[in-house]
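Here it is, the structure in full.
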Amino acid sequence: MSAEKKSDDKLITLKNITKHYPISSGSFGTRKGIVRAVDGVTLAINRGETLGLVGESGCGKSTLGRVMIRLEKPTEGEVRFNGKDLISLSRKEMSPLRNKIQIIFQDPYSSLNPRHTVGRIIGEGLQIHNKGSRAEQAQEVKRLMGLVGLRLDSVTSYPHEFSGGQRQRIGIARALALQPELIVCDEPVSALDVSIQAQVINLLLDLQKEFNLTYLFISHDLSVVRYISDRVAVMYLGRLVELASKDELYENPLHPYTTALLGAVPTADTKTRKKRTELSGDVPSPIAPPRGCHFHPRCSKAMPVCSDKTPEFKEHTKNHWIRCFLYDKKAKAA
Amino acid sequence: MPKTLLEVKGLTTHFFTDRGVARAVDDVNFELLEGETLSIVGESGCGKSVTALSIMGLIPHPPGKIISGSVHFNGTNLLNLSEREMRRIRGNKISMIFQEPMTSLNPVFKIGDQIAEVLKLHQNLNKKDARDRVIDLLNQVRIPSPEERVNDYPHQMSGGMRQRVMIAIALACDPKMIIADEPTTALDVTIQAQILSLMDHLSKSTGTSILLITHDLGVVAETAKNVVVMYAGRVVEKADVKSLFDDPLHPYTIGLMGSIPGIVAKDKKIRLDAIPGTVPNLFDLPDGCRFSRRCKDAFERCYKEEPELFDYKGGRKVRCWKYEEA
Amino acid sequence: MFPTMFGVSVLIFFMIQLIPGDPALLILGERATESSLKAVRINMGLDKPLHVQYGKFMYKLVQGDLGDSFRSNEPVTKEIAIFFPATIELSLVAIIIASFVGMVAGVISATKQYSIFDYSSMVFSIMGISMPIFWLGLIFILIFSVHLGWLPISGRLSAHMEVELVTGFVLLDSLITKNWAAFRDAFWHILLPGFTLSTIPMALVARITRSSMLEVLRQDYIRTANAKGLSPLVVHYKHALRNALIPIVTVIGLSFGILMGGAVLTETVFAWPGMGLWILNGVYSRDYNVVQGGVLLIAFIFILVNTVVDILYVWINPRIRVN
Amino acid sequence: MNMSMTKEKPSDMLIDEKKPGKKTKSHSPLIEALWRMRKNRIAVVGLIIILVFTIMAVFAPLLAPYDPLDQSLYDKLKPPAWLEGGGWKNPLGTDDFGRDIFSRLIYGARISMMVGFISVGIAFFVGTFLGAVSGYYRGITDTIIMRFIDMLLSFPYFLLAMVLMTILGPSLNNAMIAIGIVTIPRFARVVRGSVLDEYSKDYVQGARALGAGDARLIFFHILPNCMAPLIVQCTLGFGEAILECAALSFIGLGAQPPEPEWGAMLAQARALILRAWWVITFPGIMILLAVLGFNMLGDGLRDALDPKLRD
């Protein structure tokens, strides 16, 4: 299932999504500033593909995921799922669509209600949407548990009796219960040990194949994203800076940030011990991002125009999108 | 041939709790040469951090206790030293860097004072000399405008900067050895790269040995010379980094490599070769080889008898019955 | 701080209005005629609507006028000037004893967790927070005054003693005027009520010190301090205590406020001529202005103390200093 | 969509660390924590004390040899049985009206337990409601409620109770109401804090993603997970209420004589301090023990339920 084949079958489209959080302080709730968590993101995910979303902490990737399943309302922008605008829907209208988009969280400890049994956690979606009788729901819960590799007799156990990997399986079963089309995977393996991480990745891939699932896979681990994704988007300080098919992005990164990011990953390959391209400085605060291109203070190829204007997110070559003046002939000339 | 700086022999540390005895570190042996970077790698709960704290004599007691073994550092057995003598080594001859830069610095003291503290303690520097040396150290760890940053509190700095301060504290007294316990795990990739290259540079320029504890095979491949792989409190494999990655011996090491995307499986068309099951409970370890219940190659003997650390060609060692004759 | 004070003054004013009974009737007595009652009501402004009365009350309040006591016909502020220093003096002595003993006990408990000292100090402190101090005061009197005859049974000074008032704090004034006999007398008088009043805050401070220290000792930076080779003394008293102080200071501040309320009981038991006893007598005799003025003052002091605690916070904790 | 089991089952999915047969039944973490508490000696002692007082309160008419209000002017100020002049007729002696102190103490337990129940009840329901609304809806609702709560907290606890008693008029029932009211802020704060905490956790967000409504989120997910601090608060509040009520009665604003309330007994006994120590000593010991019992249990509960202090 390559990305190109179904590139026009868009399951979800985001248009100019912006999410700002006001920071209030003091006893009178005076505004101190705004965190620009997500700043004008436009993006589409095709049915059946995995879109990887990478970036460093605080770049807004998780917020974007939460906006996508409407856990957060965007300050601006449009989310279309199967052609329907999710943002304008009332809660009642949203309810049937809730089934179709689900989420898997990073922290396997806080993502499960500690006072509910596994059966109750997995079956909650069925209960909320009144799917089938009690007996049918119980049957379904067992089927889901088998699907994700949980022992059926642990249906009455509580989350604290499981290890991190097992809990993540419970979270996956909960997400699957309503037969979703899109699953936002928010760093689903980051908290797990490598050997367990591989089990969960395999499970996610198996499930995708079987149910033709679409994933938004959010992670800071570039190797995992490379492995699991069809296309990859790179985010920096609330903005997308590059988007391309996986092979294109990893083999031929164009944006200086992407290049630096890829260069920074230590590879477990002793033959290619490479010279690192080291990126200087820290990620600036999203409260006061730099003017112009957000990346310019750390960019080795920055030009005068970069600190002045914000480059647009443009299709550089087919299906390779980039936000950088280096690839804008007019700007470069000026 | 460089001298052996640290020799850990038969180190065994247990934790005595209400739930029973956790055999966190069990008969661990390895040695670290002068100027070398040795890496201990393993998943959470394998005993790598407890090993580090045992060397430093910082195991919380109770419930933890070093049961047996020896830790020879420059010829003296650290485990025989009194607490007072040990304090003269900590932060001076052996120093340590921790995983969480956000919480490892005391929030109520200026970073300059926190660095100066070790200098005053171990080198009896006066206030002015200490300050000069602090600025010099901040320069070494590449913190910009150190004259101003000495008066910063930790919360005014980013995670990467704080980890640089931790490194400065560790370097302050020109230690023979630095134990770095997951020094980059909490950091973003670009910052991780900065810190790793800084550590690499400093160890080369000062000749300090580094014991690098990590779960990240990528970090190991890029920084270490020799590697110790630990599993459930035991050393399961020892090798130089190149042989380990080219030809891993122990089924656990092989499984670990197969689990990480990009080493064996480069694309999702190739399935990750995950290790089934989970790490055994340290309170209730299985009979025989501790890895046997998750091992694809396990046979009868593996479930009953625990293998010793067999020698393998090229000076390598592996704890697996498959290599008994080798 | 000021918005809270404003809110509190509104709250108190309206609460006092809720107290059943007619002030005019209280002043003039049962046999007053309707016309004289009316005259008094008009005179006191009681015939005006509530918000007008409140406006008048606030207008007078900002000028430092809390009205007159019905009983004594003296201005409330004048009475406060007499009774307030006694309460402050008692509360200060109590809070000093409580903070000192409590913190020392708490730190030792935490650094020697599960030792005999730790266990016994914890048993004492849980008894301390459960203590009916009015009973403890009586028991103290029973033992030290009645049976042993060591300490005076009540009051602030013996009847024959006299101290020239400068600040209103008897201990301080007797020192200033070099009246050693009076100082000794005042000292003996304050011992029992001081200790009685310190029981609960002492227990609270000991408990919070212990748990706060234990919490801090688990932190990563303590491990760093140990890895530097610092001695346990430096680690505990320099690195740990400074961080542990934050909740301790809060509890001490809060306790000081609570002491003012708790002083009513101690003052009753020891016939200590302070605010608590004065307000209580105001309550008994429905002397609204006294209750209103007294409660308002104590609430303001409480708010003030909390503000001071907030400032101390910033001093202890540099993380807040910058934000 | 045909959801059938995968044909080839990956080997890494079969292993589960839960061994069958090792544990027969799973319990919720709250139950497990409470079960763990049996090892905490202080909490167990506290629980026993509370049980003893509860039995006293429930079976007072059976346990007390006399009616607590029965005066016997011939038996005034009799000392306890073990002293000269005392007798087993009145094991703990009599007061200045010749009433049996032992009987009065037992009936006093009845009053104190009722005070605890009703005061904590008021504070629990009002406080939890305010705290939950405040924490869940946030924004302006939160600001208004919390401003008011902060204002109540600007008074020393006991002083506020005193003013309320002045408004309500001295009586035992009013004391319970006043103590209930002054305890509301604590419950409201505890609940608000935990609700804010829990709301931000991913399991609540996960339930939202499944389409759960407000009521389901509050009553099914959030509030049950706030139980731990609430249970602790109730236990500690119970002891505190007993103490406050005794104090109010002591200064004459709570229970009125001749009710056998411990604080009121002490108030009456004050005048006898030079003559009859037992009239003063025993009611105080009862107050101390009752409050101590709840504080000991409350401490134990906090240790058992607070995950930060675990291990």
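Per-chain residue numbering starts at 1, and chain names A, B, C and D are given in the order in which the chains are listed.
Here is the rule we use: a residue touches a chain if its C-beta (ideal position, glycine included) is under 8 Å from a C-beta of that chain, and two chains touch if they have at least 3 such contacts.
Only a predicted model underlies this, so the values are computations on that prediction, with no experimental measurement involved.
Student: Listed by label, which chains are in contact with subunit A and with subunit C?
Tutor: B, D
Student: By CA centroids, point me to the most central chain in this structure.
Tutor: Looking at where each chain's C-alpha mean falls, the closest to the middle is D.
Student: Indicate the whole-number Å distance between the mean C-alpha point of subunit A and the mean C-alpha point of subunit B.
Tutor: A distance of 32 Å separates the two centres.
Student: Using mean C-alpha positions as chain centres, tell me how far subunit A is from subunit D in Å, no decimals.
Tutor: Centre separation, subunit A to subunit D: 47 Å.
Student: Just curious, how far off is subunit D from subunit C if you go by their C-alpha centres, in Å?
Tutor: Averaging C-alpha atoms per chain gives centres 25 Å apart.
Student: Listing for subunit A: what residues touch at least two other chains?
Tutor: 163, 166, 198-199, 202
Student: At which residue positions does subunit D touch at least two other chains?
Tutor: In subunit D, the residues touching two or more other chains are 10, 12-14, 17.
Student: Counting only residues that touch at least two other chains, what does the list for subunit B look like?
Tutor: Touching at least two other chains: 271, 274-276, 278.
Student: Help me check something: in the complex, which residues belonging to subunit B touch subunit C?
Tutor: Listed in rising order, the residues of subunit B that touch subunit C are 56, 58, 86-92, 95-96, 98, 100, 103-109, 117-118, 121-122, 153, 155-156, 166, 169.
Student: For the complex, which residues does subunit D have touching subunit C?
Tutor: 42, 147, 150-151, 154-160, 162-167, 169, 239, 243, 246-247, 250-253, 263, 266, 270, 273-274, 277, 280-281, 283-284, 287-288, 291-292, 294-296, 299, 308
Student: With touch defined as at the start, can you tell me which subunit A residues reach subunit B in the complex?
Tutor: Per the stated touch rule, the residues are 56-57, 163, 165-166, 193-199, 201-202, 205, 220, 222-224, 226-228, 260-261, 263-270, 273, 276, 278-280, 282-283.
Student: For a test of understanding, state which residues of subunit C touch subunit B in their complex under the given definition.
Tutor: 219-221, 223-231, 239, 242-243, 316-319, 321-322
Student: Residue numbers of subunit B touching subunit A in their complex, please.
Tutor: 43-44, 158, 160-161, 188-194, 196-197, 215-223, 241-242, 245-246, 255-263, 265-268, 271-276, 278-279
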